[in-house]
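Think of it as A, B, C, D and E in the order they're written, each chain with its own count starting at 1.
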Amino acid sequence: MSGLVLDGVSAAYRDTTVLHEVRLTVSRGELLVVLGPSGAGKSTVLRVVAGLEPVTAGRVHIAGRDVTEARPGRRNVSMVFQSYALFPHLTVVENIAFGLEVRDTPRGEARQRARAAAETVGCAGLLDRRPGQLSGGERQRVALARALVREPDVFLLDEPLSNLDLALRAEMRAELRALHDRIGATMVHVTHDQTEALVLADRIAVLRDGRVEQVGTPDEIWRTPASTFVARFVGSPAMNLLPADGPLRPGGEAPTLPDEPLEIGFRPEAVILDAAEGTPATVDRVEVIGEDAYAYLTLSAGQPVVARVPAVRRPERGATVRLDVRWADTHLFHVASGRRCDP
Amino acid sequence: MSGLVLDGVSAAYRDTTVLHEVRLTVSRGELLVVLGPSGAGKSTVLRVVAGLEPVTAGRVHIAGRDVTEARPGRRNVSMVFQSYALFPHLTVVENIAFGLEVRDTPRGEARQRARAAAETVGCAGLLDRRPGQLSGGERQRVALARALVREPDVFLLDEPLSNLDLALRAEMRAELRALHDRIGATMVHVTHDQTEALVLADRIAVLRDGRVEQVGTPDEIWRTPASTFVARFVGSPAMNLLPADGPLRPGGEAPTLPDEPLEIGFRPEAVILDAAEGTPATVDRVEVIGEDAYAYLTLSAGQPVVARVPAVRRPERGATVRLDVRWADTHLFHVASGRRCDP
Amino acid sequence: MLTPYLVGLLVLVLLPALVTLGMAFTDYDLLRPPSWAGLDNFTALVDDPIFRVALLNSVVFALVAVPLRVLLALGLALLLHRRAPGVGTARTVALLPTAVPEIAYGLLWLWLFNPLYGPINQLLRVGGEHGLTALGRTPPQWLTDPTSARAGIILMSLFTVGETFVVLLAARRALPRDVYEMAAVEDATGWDVFRRITLPLMAPVLALLAVRDAVASLHFTFVPAFVVTDGGPPPYATTYLSLFVYQTGFEYLRYGYAAAATLVMMLLTLAAVLVQWRLIRRYRRFYQL
Amino acid sequence: GSGSKAGAPVKLLVFGAPEELGAYRTLIDAYQTARPGERVQLIEASDRKDLLARLATSVAGGAPPDVFLMNYRFYGQFAAKGVVEPLDDRIAASSVLDPADYYPVAMEAFRWDGAQLCLPQNVSSLAVYYNRTLFTRFGVPEPVAGWTWNDLVGTATLMTRDDRGLVIKGTEAEGAARLPAVHGLGVEPSIIRLAPLVWSNGGEIVDDPQQPTRLALESPEAREALRNLIDLRLAYGVVPSDAEVEAEDDESRFLNGRLAMLMTSRRATTNFRTVTGFEWDVAPLPVYRQQVGVLHSDAYCMTRGSRNKDAAWRFMEYAMGEEGQRIIAATGRTVPSHVEVSRSPAFLDPDQPPRNSQVFLDAIPTVRALPTVSTWPEIEDLSYGILENAVHRGDKLDDVIRELDTKSRPMFARGEDG
Amino acid sequence: MRGRTRGPSPLPERAARLWRTLGAAFVILVFVPPLLLLVAGSLTEPGLPPAPTPQLVPDPLSTTGYERALDLGGLLRASLNSVLVAVVAVPLSVLVASLAGFALARLAPRVTAVVVAASLVALMVPATALFVPRFAIFRFLGLTDTLVPLIAPALLGTSPLYVLVYYLAFRALPAELYDACLVEDLSPLRTWWRVGLPLVRPVTAGLTALTFVLTWSNFLDPLIYVYDRNLFTLPLALRSLSLLDPTNFPVFLAGAVIATVPALVVFALAQRRFLHHGD
């Protein structure tokens, strides 16, 4: 049974349509991560599901009910707003307990659960502060706790971890996962964090300009991106894209290519530097990120390519290297449509 | 000459001291990234530098001037607030041009430069909108543009990219770097993004509970973390820490260890799985992040260890593996103080 | 949630007002049933010298007092919105005159304005001889000289800006703080902050208060003129429209005629409001969130 | 209907300062004690304006008071508009009330179109109050009956003194070296003060006392009286300037012993009886050619819309009867309209100042009433402003007369008279 | 996202503080004297000629004015009535105004525009235009000569202005807060009570004080609708005192002081809330 269905939903602010016939199905208990560039309409999707923004076309179903016309309160969702939307006049614990108390949970129990939720997000020490006295990350955690304290049909989380440090973020991620597994909640999670998306998601939906570009498991998204957009958007540094008939010919067994303009894509991780017989390139710049280093190269024909190498074996800036990729590690895309081409 | 000096600065909200004698020197033209857990006092550092929060002790120097008593406007800094602090009643372009216009830049020129800055952050199409009509990331970019449009002595950027997608973030990062290189501006940049910190920073300051734990180049921070706190805080998943006399004895040439309780630390990337003769461990869980996978293991003695492996060669959950590390890849810490021990 | 208010609005104000304004087209003396008079009342108004004087007085008062009052209240609100020693006291004190019941306030000023024994003139006479000020001038003859009397009523009205002040203070203190911090970092001068941030952000409230003040200027001339000057100095120096309406309606029992004057007065305020609206229009965009 | 609703009190609307209202409360208490079961509710307005506003709104709103007290100069508008119930039938039927008991001049003032509309409660007239102590101190002879306007001006001039007690002419502008400490005379520049002077000189205030159409002061007699009144301030300097009046009105000035003479009605007596510091008395108005007074009279009027007319009438009978008249007379405020009572000690009580209350009674045969045209209140307000300016600013006499005439014409034209 | 906290920022600007203190001192200097004079005047012995020179401390000091004011004006009874009216009308009025303002802030713009326009028109109607028709309405309802007509304006929030002020205050709250309430299934009424009202508390405190003063000093309504001396409110009692002759000025001023004190107390209490709130 599906936890959430968006059936050809369009939405607009004034006259500008920002969602175009979005179709998404999230099974009950599934965790869907929505990815997309800034301004793609991710928050709008959440707002439409919550009923805060009317649809101009299409239907929304939650837990099997058509809620397109239902008011927000009747949809049984809980939400983390991108801007937190904490109540400035309430303390942390009151903020968290708010949703419970207004639903007539006895006060004692509500406070109890709020305290537990605060514990989970690591702000148990701040219970009596007001939002104005919190740091950015603390506010975000309170917002998260407020959403997690209830057990709704759908959780809508709009970048709930963006202001947290990595360690905390990993911890929260685990908590989210655990909560999700424990209560089998349907979750829609907007994030910009690749790791978060890839680790957390049952499936990922990639949004582009208000349209769904691809929906799939993290593995699908990573390994079989449906378009150059997805290919480049997921992964950092982005996937390298070169003309298929260009300077770089991958090694290994070549597939049979259709007779039309194609692009090949390959991730920085797939690049083999200092291959015996590879395409020559010069090193423009090297970025070291912990154990890894990214080498920004330019092929002799001028195209840029990024390669990941172990930090300890990184090339010097200005050096000339020979690079190679395997056909097995490449993706093919139609130049005209940008869509994937699986020969 | 130093661009910014914090000389034993303490600061407090009401009675709670949140900065304890912070000492930091940022050279002119240097880019310092401030890292630290949520609530560590990062934003407070920026607010103190900007003059928005009074110091309770210590002095602040900007570009060689003692500005401890100067009002914010006299300090010639520009700032991105964690909460953006956009003027709700002004359009995007007016928001960006504000700092110029109040400094009596002719209106035409101010608008011109504002437009250029908007271009840089990729919101040239939104110039006439008001903040309320923007997505979260768009707001953040406007806030960034507003800070970048001027050429102050110090830029203070409080998580300026947290709500941007990876691609945009990489782009912005490059822009920041370029700007930094072009005008040689001193920058203090708060971020939670490791990549951002490691790539961007000239030096990194790690803050913990309002105290500076370590200041150093990204390389130093990564390779010679001064304490277990820094070691675990930088890098994700965090560095593994085990008792030095514990179940795992690294391979290779062992250093001479002092005679006191020590911990050894090693990053997931340093773990060699399926070593011929290694310590046995069971695989609890495997996270795949693109080409990489992280295996969460438990040693037979019960300690957890994380290892990075290529995604294609990841072990199965529940499998038993043998793991090893090299002494060269390990760090040693005193158990008592948590400080680094370089034998 | 709106119902009680709507009921109040309709039953207590709009319907009664409609009835009264309907009377503008009748000959009605409150005592006998009204009889239709068409536009007679209006033509009579045009020829009525007292009405013209009252109209002029009211317009002059509104033009002088309303901007002064709003500016004063705004100045007070901005001066006193932040804490400093003495500010708390000053806030309370600025409200005091507003707390004095209207009628008592009128009579208080009647005494203050007393040309010979009133504290104001006694103060002005300090240092002078023979009842002159230190500069050798005659102190203002508040209650007997037309100009001074008008000025006096304006002065009285300036002390009762408490209402406007309170509303502006609350509005100012509700503005987001980080925005001001931002401006401080940008080294915006006080004037810039005022012009570019405070003013536009408070524009809706200010507009409302200005409109209210313009409208109410017709009302708060009433009690002073009624109690303090009785419309004088003769003949009609401080006969404002409100007093004119009251007198013709309730003392001379020309209710229909007074209603016509009321209608004219409301049309005038409407015009004033529309003009103001135009002026504030450039801030109107800030109204949409 | 006129059937009395059992239990509903009679509503009596009056105005006055707190002490005056006290007198009415005494009256009502006495009535309720004398007639158990009868109830009267006093509706207090603080001044004439308040009373008018209340009366008009309540009549328009359909719930008028049963009885109200009104001066004849202002009742015209109510009389003309049929608000007041004619009382002839009730008077005729009454066993208590005999119209012959009352001063005809007062009764006459409240006849409208031949019907008796209201019952006058008093018949006061103007007199000159004077501060005997001051007269004695400065050795100036006290006013005597039959004195002339010139005597008045002369006396006033002699009584205008500076703080050293020297005669001074208070005409210098404000700021002159010396200001009068005592003024010779106080008189309000209003029609009701002017009228008896004009009449005494043989002139008229309006063109036709029965059917007035304008203020007609252009006759030589009226001009003379008017000029003499106006000259008091700027030519003789015996009356306080406008600023001085604003600072301290004539009545207070008299009370404070700084006004030698005050021309006012019986109404001031109550207040002056509080004086302790000096002795005072009253003298008749000065005359030009013949002794003429002006009528001051308030009457109980019953509203036509009253639901309680019988009870209201019973109260009116009581208030107009000897006992009621005596109670009000005891306050000193009024000259009773009841002839008997006015001659009784209730009014003439020699222990209460003024000793010479007989002056008021002597004036009664000479009093005349002002017109009762319905727009009279407007006309009075208008003329007051013009006259005040004339006195204090010294407007030219011709202009004053013309202005009074032209501006009052439309008001007369709108008016109705009975 | 916006609005770190509300209220002023505590920037350490000593000079600015100094200027503000000076400004405050000036304000005090200008606004206090009239009231001091009021008190001084009320303590003067009635019946004396006015003093030729200014006297801040009257000589002789006398409380006769107060005694006579209480006596003549029936001030005690009148105070009681005024309190009665205020106790009912002020809370009711604030309730109505805040509810209406909240509803306006949340309703469709079109409805809001109509009601706002109607409120502005209502603001323009002079009180004199309302006496007669209102009197007829109250008589029809049998409410004349009760205190109800004095309480009735509470239905309007005492003045439509206050409704509009509430409207602006509620509208200025971040939209996300209302969204959060919607998601939590709060009825509008509970959103108003739990989120809206607490966030505009300074406005409420200020408007309560103003409502009180307006109700407390309402002079024209009782003049028209109240007959019974036992139902007189303070301003009406004062009105009758105001007709005492000028030498009894202290009596009147004493009455004025008595009438002013409760309003001052309310202001003092309210200002704690709305003036020092969040300092």
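Just so it is clear, a contact is a pair of C-beta atoms (placed from the backbone, for glycine too) under 8 Å apart; a residue touches a chain by one contact, two chains touch by 3 or more.
All values derive from a computational prediction rather than experimental measurement.
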| item | value |
| --- | --- |
| Reaching chain E from chain D through chains that touch each other, fewest steps | 1 |
| Comparison of C-E and A-E by number of C-beta pairs in contact, larger one | C-E |
| Relative to chain A, chain with the most remote C-alpha centre | D |
| Most centrally placed chain - per-chain CA mean versus overall CA mean | E |
| Inter-centroid spacing, chain D versus chain B (mean Cα positions, whole Å) | 93 |
| Chain A-chain E separation of Cα centroids, rounded to whole Å | 55 |
| Touching two or more other chains - residue numbers and ranges from chain D | 53, 56-57, 60, 247-248 |
| Residues of chain C whose C-beta touches two or more other chains | 30, 114, 116-117, 176, 178-179, 181, 184, 246, 249-250, 255, 289 |
| Residues within chain E bordering two or more other chains | 1-6, 9, 11, 50, 131-132, 175, 239, 242 |
| Contact footprint of chain C on chain B as seen in their complex | 50-52, 71-79, 81, 83, 85-90, 98-99, 101-103, 132 |
| In the complex, chain E residues that touch chain A | 1-6, 174, 176-177, 179-180, 182-186, 190, 194-195, 198-199, 201 |
| Partner chain D, residues of chain E touching it in the complex | 47-50, 72-73, 131-132, 135-136, 138-139, 144, 223-224, 227-229, 232, 236, 239-247 |
| Residue numbers on chain C that touch chain E, as the complex places them | 1-2, 4-9, 11-17, 19-21, 30, 76, 79-105, 107-109, 111-112, 114, 116-117, 119, 122-123, 126, 159, 162-163, 166-167, 169-171, 173-181, 184, 204-205, 208, 211-212, 215-216, 218-219, 222-223, 227, 242, 245-246, 249-250, 255, 258-259, 262, 265-266, 269-270, 273, 289 |
| Chain E - residues contacting chain C, complex | 2-9, 11, 16-18, 20-21, 23-25, 27-28, 31-35, 37-38, 41, 50-54, 96-97, 99-100, 102-104, 107, 115, 118-134, 137, 152-157, 160-161, 163-165, 168-169, 171-172, 175, 188-189, 192, 200, 202-203, 206-207, 209-210, 213, 216-217, 219, 234-235, 238-239, 242, 249, 252-253, 255-256, 259-260, 263-264, 266-268, 271, 274-279 |
